[in-house]
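Two complexes are shown next, each including subunit A; its partner changes from subunit B in the first to subunit C in the second.
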Partner chain A sequence: MSKKLRNDLILIALLIIPAVLALALGALRKPGRACQITVGGEIFAEADLKTDALIDVDGLLKVRIEDGKARVLDPVCKNKLCSAHPPISASGETIICAPGGVVVKILGQGPDFTQ
Partner chain B sequence: MKKLLAVLACAVFLAGCSPAPKRYNAVYTDVFDTVTEFTAYCSSQEEFDGMSERVHGELLRLHEIFDIYNEYPGIVNACSLNGAGGAETEVPDDLIELINMGIDWHKKTGGQLNIALGSVLSLWHECRENGTLPDENELLKRAGHCDIEKIAVTENSVTLTDPGMSLDFGAIAKGYAVGRAAEILKENGLEDFAISCGGNVVTSGKKPYGKWEIGIENPDGGLITTVSVSDEAVVTSGDYQRFVMIDGKRYHHIIDPKTLYPAEKWRSVTVICPDSALADALSTSLFCLDLEDGMKLLEDCKAEAMWVSQDGEVTKTPGFEDHEK
Partner chain C sequence: MRPSRKIALSGLLTALCFVLSYLEFLLPAGGFSLPGVKLGLANICVLFAMYKLGPEYAAGINSARIALSWLFFGSFTAMVYSFSGAALSFLAEYLLIKTKKFTPVGVSAFGGVMHNFGQIIAAAAFLGPGAFGYLPALVVWGALAGGLNGAILAALMKKVRI
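After this line comes the complex of A and B, so read on.
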């Protein structure tokens, strides 16, 4: 096997494997039903992901719900890592603002129907 | 190698561009005296609206044919048949099919499912509305007009040879109708959808991230379990769905033809099987049968079931457990 071909194969593997893993993980993830916001371990609010909203969390930060996704805006903390986090929408995903003790978590989907 | 890379790049690009079907939902409140929900994954709102129109149209059509309380212009329905005073009546094919299915199920269940029980059921219906108990003598009198042998069916007509008899399809009509609506959707190319009509759920295909999930209520509140299904129907009959409390006792809507009183063997019975009409008939039948007879009936039907007893004890067939998460 020539060096060029080997390098090409390594490049293909580097491109394909992460893509396949990402697709597989995405397929396994279930879209969320609601967004739960806790402050210091206490539930502050629970909002339906289907309804767009802007929630002020005790002046610590804001949670914007838009198009079924939740993201953090305007945190008062110094490093503002939480507002840099991409929007979350899948069941179990979280955004944590450690300085403010705020956890934004996507709650799982309930059954499609009950009887 | 360059060609291979180009093909791979194109494949990745095209996969990224294919539009993902979206989830759409519609609710109807004008069929079978209950709430019906239709959920489907379609490529556009227009596609879903077209499918929704078909489902709603079919359910309305069958609701009018099987309605025992009202007549509608231009059709002869179950209400017309019950009021025909014993005369031979030409009825739509769907009514013939449902009656034949009812007669068949009467035999299969040793009489526990009886579509000829209409006169007894209507007395219980009136009593539930008024919050009273039926008069014992009146019940017995009406029970004398429930002989299923007195239904004469031809290819396109039905005669109730006992004019005092009336038919009631509450145990099987919804399952039949939802199954027919599902067939129409499939004929029109829709693959991934579910219809829920008052305790009768029929599913086709699956959601982008898994099977359809149906929560089964605990008769005392909350969910007792959740089942995952694809291309199967799930039907529950329970004493908590339609009932009246009289002197602290619950009188629900599933009447045991043997006792003429609400069946008391179970709080709820849930059935899973591919055929919606079968699932509906089975859930009502199992609700009136003891466990042993119910299990025997299930063996012939390729169906799974869960029973919740009066004291909350839960019994499941092994296949039912396979559907739980």
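After this line comes the complex of A and C, so read on.
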């Protein structure tokens, strides 16, 4: 193996290993307590995950809280990526609707890797 | 290479970039339904230009690509993310090529990851720090997709004579 190719592999490993570790740590995250919804960086609402609810966020989308999990329904944007995202429940998990500027985030007692 | 030839080739590469961007736009996102996740095939053209024509031509092609994608199939926010990612990845790739210690595979993988960093930084400016939660997944994808693009580029640079 040439020296350059070895450098490549070291570089790629240095890039991927921390990211994989972060993902693995993320999988161990503790269950969340509440769900925070921000629109354009401003807090829109905060809701307890224990109580089922359906929150309309400025007509942009709806957040459904059910069985301690939050998910996004009926986004008005066309790519629908946020509603395709699986429900979130662990502390620090987020669903982002980029076109609408909406972030749904789980708050909790566990470590928060997103700050 | 004569400047006129370089300019003509830049036009050709810009067109190719645009076609590759369009191809990616048509591809279904499938299971990788994370915003910002894509193959970045157009970067093969940009890197090809950086190696063969020089960074100033590659920068021109890259800017034209972003402007075209915005006009044809992007939103303004997507363009800002794309620009922020492209600028950071371009700089990173340029510096890595200058060290002469890496093959196109390493250069492109690093560029891919830096593209994701740039996108996330721009996204965080719009959405707040919550956007960084996506970083680990994007970095893994960026390194793999970037490495793949680099391998394609390395093969192309061996075959294509200009």
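Throughout what follows, the second predicted complex is superposed on the first by the 82 of 115 C-alpha atoms of A that agree within 3 Å, B and C clash if a C-alpha of one lies under 4 Å from a C-alpha of the other, contacts with A are read in each partner's own complex, and residues count from 1 in each chain.
The definition used in the following text is that a residue touches a chain if its C-beta (ideal position, glycine included) is under 8 Å from a C-beta of that chain, and two chains touch if they have at least 3 such contacts.
None of these values were measured; they are calculated from a predicted model.
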{"item": "Between subunit B and subunit C, more extensive residue contact with subunit A", "value": "C"}
{"item": "Subunit B versus subunit C as contact partner of A:L5, first or second or both or neither", "value": "both"}
{"item": "First (subunit B), second (subunit C), both or neither touched by A:P31", "value": "first"}
{"item": "First, second, both or neither for A:G41, with subunit B first and subunit C second", "value": "second"}
{"item": "First, second, both or neither for A:V76, with subunit B first and subunit C second", "value": "neither"}
{"item": "First, second, both or neither for A:L54, with subunit B first and subunit C second", "value": "neither"}
{"item": "Overlapping contact positions on subunit A, where the subunit C interface meets the subunit B interface", "value": "5, 8, 12, 15-16, 19, 113-115"}
{"item": "Residues of subunit B that touch subunit A when the two form their complex", "value": "1, 4-5, 8, 12, 37, 39, 194, 196, 199-201, 207-210, 212-217, 223, 226, 234-236, 270"}
{"item": "Residue numbers on subunit A that touch subunit B, as the complex places them", "value": "5, 8, 12, 15-16, 19, 27-31, 109-115"}
{"item": "Touching residues on subunit A, where the partner in the complex is subunit C", "value": "2-5, 7-9, 11-12, 15-16, 18-20, 22-23, 26, 38, 40-41, 79, 81, 84-85, 92-94, 96, 98-99, 101, 103, 105, 113-115"}
{"item": "Residues of subunit C touching subunit A in the complex", "value": "29, 33-35, 75, 77-78, 81, 101-103, 105-106, 109-110, 113, 123, 126-137, 139-140, 142-144, 147, 150"}
